[in-house]
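You will see chain A twice below: alongside chain B first, and alongside chain C after that.
Then we have the complex of A and B:
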């Protein structure tokens, strides 16, 4: 599956913010960075399967709302305890104001 | 480097020493038979699963890879500070350049005769398994103490259909550190789930005949249960430090760099009291998971000579049923309260000092509704900000904008 899936309109997400996106029984988190780029990762924290979209975005870090585990949402790298397993990331592109994610 | 106590704090400190590039020997001494593990799940929903699993914060492979020597089921029995040697319960000894005491805290014991095998405390994985064995539909659980651990356990026990009574001597539950409005929400949630809360009720006697336990209340009534869990707070584990002649003051007393009265000995986590910079150096002792984690890492940096002062803002969370509560800062520093409603019944109370400084924020709501704003409040507290009360009270004003201001 190489299909690009439409997640939302670009304008639905503020800069330096995150939104939850559910598709096909899976959940993702879509980010808009402070420099206006879009990214996508798995939606659930690797510590306790909590929705990251309730968390706080600061620069290129998403902080989990539950215990403040940190990830770089651009690379998926776990950046702070208790998060130690990396997040999966997905390619994103913006086309005609729509955010598309390649969830494959 | 020697670390005594292989809990959250000790475990994090050991890993941090390696992450910081330290290449000398690191030994982690723990009297429990496990890898360092997380305690918070022990009272929460994870308890309600068929076979609760231990959640280790590291693995044997990782410890081996990082050459961290972890001695299990061994107690540090004494410290010879002059010789820089820790004596172990198995007769061995370890010499150290720097020593970290991360001995944690232990449940406050109920000072009463009559406690037997059906009166238990909750601190370790072993405790949690012993309690779990009694939790089933219809079993009667009496929880002495309406603090966080007791209440979380009450919620887990209800999930399994046990009949639960919580007995609290204070006029309400969560008397310490939790504003009355928030404690009220927690109280109502428990009653709605069928927990019986008896607040303002001291207990006068407890009798355990190994078939059942009988808790006698101040008003003369008896609560009969299959198990009584006592959750009346925790006390710091300081014996080792005290016997070594280190200064004790509501915990092992450390300075802002987590150094004890001996410059080669550090203490961190639940066992220590330290000056909290954000409140002008007020000496506090925290029993909180993130503090244990952060102080473990800070102690590691300072054992390697960083000379870095503690600067974090206290943060705590608790989960009961679908509700999550988070507190940043210590609310007793506040004089006035501003409330922000976030919808879905979620709200945050901002605690302001007399001069308008934001000193704490307490929030409660379903799921993680309050998390983001509490985190931003924590940063505002750290910045010693004085946000306009109207802005705090208005959900339309983003806290992130206040932080940038």
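Then we have the complex of A and C:
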């Protein structure tokens, strides 16, 4: 269950943005930071199960589109109400222009 | 002016609260107008500039009007200064609390937090309690038994609504809640939307505020003058009229228990002074549909999606002309509401979700 799964092409995500990725009945959010690094978290806000991929990326923060709860998408840490429970994060690597996520 | 007891149970721990959860009205998926990711990203972008400018004007106007009121205290010349100071203190803080609570006014978070705390004190809303109540308002907008911020329930209590313009009942409840929280008591209703780990913070803020009001009252007694209370506390009463005037229009007379903000929220046009005081919350359908968009970008969002929304109400006066007859009719039939008509370019309401409500509107 520790396989690397191809999520998308790196070029599909703008810098300082996020994209939704569904796999195996689960949903994830893939991020590209302003300094061109890639990260992945669970795709739904821990507050009310809203897709974070519709939210706003600012520096290290993803803000939920429904209630503006904030998380550090690099660590998963909840950073602002109403987000109180941390997001699960997943290892990411880029190989041959593809973003791969290790879904445990 | 009074009506029969409501069939609706607005209690957050009552019958309709349970029903809303059981029938899927709570935490439901809401209608959104299609907006491309590129356009939405542009609209959501945060900036400190507009809010710093508006906050500087707001603080300067507060200081000048407050100083003028104090300078002319004891003469009729203080009245216009208190008029301005009161609106800035008791009304414009409603929108500052709101926007900074969403975290959208400024890009820099500590600026949102600072203005949020000051505005909460002035508008007498515990910053912890109201952050969470407003979260629920956005999850379950005008869902009976779930939304703690329904300002006019059905059938409407018009005496209460009118008293709101001078803030009497709001201030009374705010002071009661503050003292209760300061005594360490979080009510059963508050516990339904404030997470347990946040409750001590609500108590701490209530204690700080109680101390500030105690000092203000002591100062008034010591100086033998009402002036300290006219500057701290009482403006929430004599300056409340503007935020109540525009706030009632947000949802007043429109549908409840629906999952489409076009049916239960009202966008209207208003004069630039009111829009400054209100921080563009007159674009209320847009705000509820896309709460990530900062107040200064709402006019642009409105232009982008207005083809899919009911025609905006053209003015505050027009808003009252359409809302008051609905309130009066709801005294006899609480199920009656104003159904907002969509333009031909809009995607239709999903009537299968709103059959009961639509039938009532057709009464």
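Rule of thumb we're sticking to: the second predicted complex is superposed on the first by the 104 of 104 C-alpha atoms of A that agree within 3 Å, B and C clash if a C-alpha of one lies under 4 Å from a C-alpha of the other, contacts with A are read in each partner's own complex, and residues count from 1 in each chain.
We adopt the following convention: contacts are C-beta pairs under 8 Å (C-beta built on N, C-alpha and C of every residue); 3 or more make two chains touch, one makes a residue touch a chain.
None of the values given here were measured: they were computed from a predicted structure.
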Side-by-side fit of chain B and chain C on chain A, or clash: clash
Which superposed partner A:70 touches (first chain B, second chain C, both, neither): second
Touched partner set for A:32, first chain B, second chain C, both or neither: neither
First, second, both or neither for A:82, with chain B first and chain C second: both
Which partner reaches more residues of chain A (counting touched residues only), chain B or chain C: C
First (chain B), second (chain C), both or neither touched by A:51: first
Chain B and chain C contact sites that coincide on chain A, given as residue numbers: 54-56, 63, 65-68, 81-82
Touching residues (chain side chain C, partner chain A) in the complex: 27, 40-41, 44-46, 102-104, 107, 109, 131-132, 135, 138-139, 195, 197-198, 290-292
Residues of chain A defined as touching chain C within the complex: 17, 47-49, 54-56, 58, 63, 65-68, 70, 80-82, 84
Chain B residues within the chain A interface of the complex: 12, 38, 57, 289-290, 293, 297, 315, 317, 324, 367-369, 371-372, 375-376, 400
Chain A to chain B touching residues, read off their complex: 16, 50-51, 54-56, 63, 65-68, 81-82
